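Input: structures, listed below.
Two complexes are shown next, each including subunit A; its partner changes from subunit B in the first to subunit C in the second.
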Partner chain A sequence: MATTKLAFIVRSLPYKTEASRLALTHAIASQTVEIYLKDGDLVEASVSYVGDGVLNCMKGQQGMKHYGITTIEGHAKNSLLLDMRVLICKEDLDKFGLTEDNILMDAEDIGGETKANIVAYSEIQKEMETASHILVC
Partner chain B sequence: MKLAVLMSDYRNGIDMIDRLSADSLGIVFVGNGVYHAATKEGGKASSLLDKKANFYALTEDFETRGITSAGLDSRVKAVTYGDLVDVIFNDYEKVIWL
Partner chain C sequence: MGKLTIGTFSSLVGSLSLDFAVKLAEAAVKKGHKVDFWMSGNATMLAKKGQKAFKDYSFLAKTIQDLIATGNFQICACEACAEARGYHKEDCPDGFIRKSMDWYLASTFDADRVLHIGGD
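For the complex of A and B:
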């Protein structure tokens, strides 16, 4: 029995490229691969937002209204709904003057119980050190 | 010349704008360029906003990113796609995209 840990590190701004969206969709999709694994083997994904990537977490995104596209906020909510470990770099939030009030911290409105964690970069560093694979997007 | 610059990036292109010279300069923040209009890194607004220019930000793009018009710097005017067509055709002779 083995657990493969995937650390998705989101550093890109949203929408102009698909990078941050792909990080989230791949992290979410990674939960479905167990049908291909041996009994007892697991894949455990986490998503960490650093640098400009923390701007993906802004609340109130209106991509559906203006462009008919699902929002990064919606994907981030789904990751919390799946109880994924979500880390947001405190230093980078501070740099942009953002607080818990401005960013997506939970998915309570769709039944999620897991909350995002605002952490020092050192915690994200630890996340990378304990991961089997690091995927920077 | 009267020049409108559509600024679509947050980290690249500032060096280009710094070197541009125009009698009348309009900077339109679109795509990820809208972060210039609203974010304050280290408490400081984007250095682009210190340029002598008229500033616009595309409503569809900043709202997509969770930014409201109330969050825009006071030097920046929110414009819709419709407004932007009028701005480009009425106020500027040339347009470039960065």
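For the complex of A and C:
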């Protein structure tokens, strides 16, 4: 029995490229990875937003209205619903003038209990140091 | 010998990141390591058969076929990413795998190193 910890580090802007969306869909795929592994083995993913990547957490995204596609906000909400550890860099939010009020912090409306964490970059650094592998998107 | 898992989102032609990833895979396999190579997003373009070699553009198909022939190299495309781009199973070159994203995450489980190129 072993657990491999993957730290997805999202630093890409939302919608400009597919990278941040793929980070989330890959992280969420950790929920079904067991079909490939031995009993008891796990792959555990966390998602950290840094730099421009914090803009992926903005509330009220209108991807469906403007592009006919699901929002990154929706994927982020799903990651919380699945109890994934989500870290958002406080210094980078501050740079954009964003606060907890502007960003997706929970998935309560769809039954989620886990909340996103606004943390200093040093916490995200620790997350990377304790991960088995870092995946920057 | 070790196992290297490489994941990339970068496109064939238009970025040399995918070329770099393939060259790294080639070097690792030559040293006797095993490599799992995952393609998501625009990188799935590499999983389209019928690519032609031009001097101005990257041509990785031959290298990939040589790597597959070693038996130490697995290459897998994200099925949804490929389908969204109109690449179907019948468009896939011989030896390529198509799976969902959990294949990649499972590959990282016992990888000695993971190199993820998450941009275009």
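Here is the rule we use: the second predicted complex is superposed on the first by the 137 of 137 C-alpha atoms of A that agree within 3 Å, B and C clash if a C-alpha of one lies under 4 Å from a C-alpha of the other, contacts with A are read in each partner's own complex, and residues count from 1 in each chain.
Just so it is clear, contacts are C-beta pairs under 8 Å (C-beta built on N, C-alpha and C of every residue); 3 or more make two chains touch, one makes a residue touch a chain.
What you see is a predicted model, and the numbers here were worked out from it, not measured in a lab.
*Asks:* Subunit A superposed: clash or fit between subunit B and subunit C?
*Replies:* With subunit A aligned, subunit B clears subunit C, so fit.
*Asks:* With the two structures laid over each other on chain A, which partner does A:V136 touch: subunit B (first), subunit C (second), both, or neither?
*Replies:* So A:V136 only meets subunit C here.
*Asks:* Who wins on subunit A residues touched, subunit B or subunit C?
*Replies:* Between subunit B and subunit C, C touches the greater number of residues in subunit A.
*Asks:* Quick one: is A:V33 in contact with subunit B, with subunit C, with both, or with neither? Answer first, second, both or neither.
*Replies:* second
*Asks:* According to the stated criteria, A:L6 is in contact with first (subunit B), second (subunit C), both, or neither; which is it?
*Replies:* Touch status of A:L6: second partner only.
*Asks:* By the touch definition at the top of the document, which applies to A:T25: first (subunit B), second (subunit C), both, or neither?
*Replies:* second
*Asks:* How many degrees apart are subunit B and subunit C as seen from subunit A, counting from C-alpha centres and rounding to the nearest 10?
*Replies:* Taking the centre of subunit A as apex, the angle works out to 90 degrees.
*Asks:* Using the superposition on chain A described above, determine whether A:P14 touches subunit B (first), subunit C (second), both, or neither.
*Replies:* In the superposition, A:P14 touches subunit B alone.
*Asks:* Minimum C-alpha distance between subunit B and subunit C after superposition, to be given in whole Å.
*Replies:* Result, nearest C-alpha distance in the overlay: 14 Å.
*Asks:* Okay, in this complex, where on subunit A does subunit C touch?
*Replies:* 2, 4, 6, 12, 17-19, 22-23, 25-26, 29-30, 32-33, 35-37, 41, 43, 45, 132-137
*Asks:* Along subunit B, where are the residues that touch subunit A in the complex?
*Replies:* Touching subunit A from subunit B are residues 8-11, 31-32, 35, 39-43, 60-61, 63-68.
*Asks:* Quick check on the complex: what are the subunit A residues that touch subunit B?
*Replies:* 13-16, 52, 55, 58-63, 65-67, 71, 73, 95-97
*Asks:* In the complex, go through subunit C and note every residue touching subunit A.
*Replies:* 7, 9, 40-42, 100-106, 108-111, 113-114, 116, 118-120
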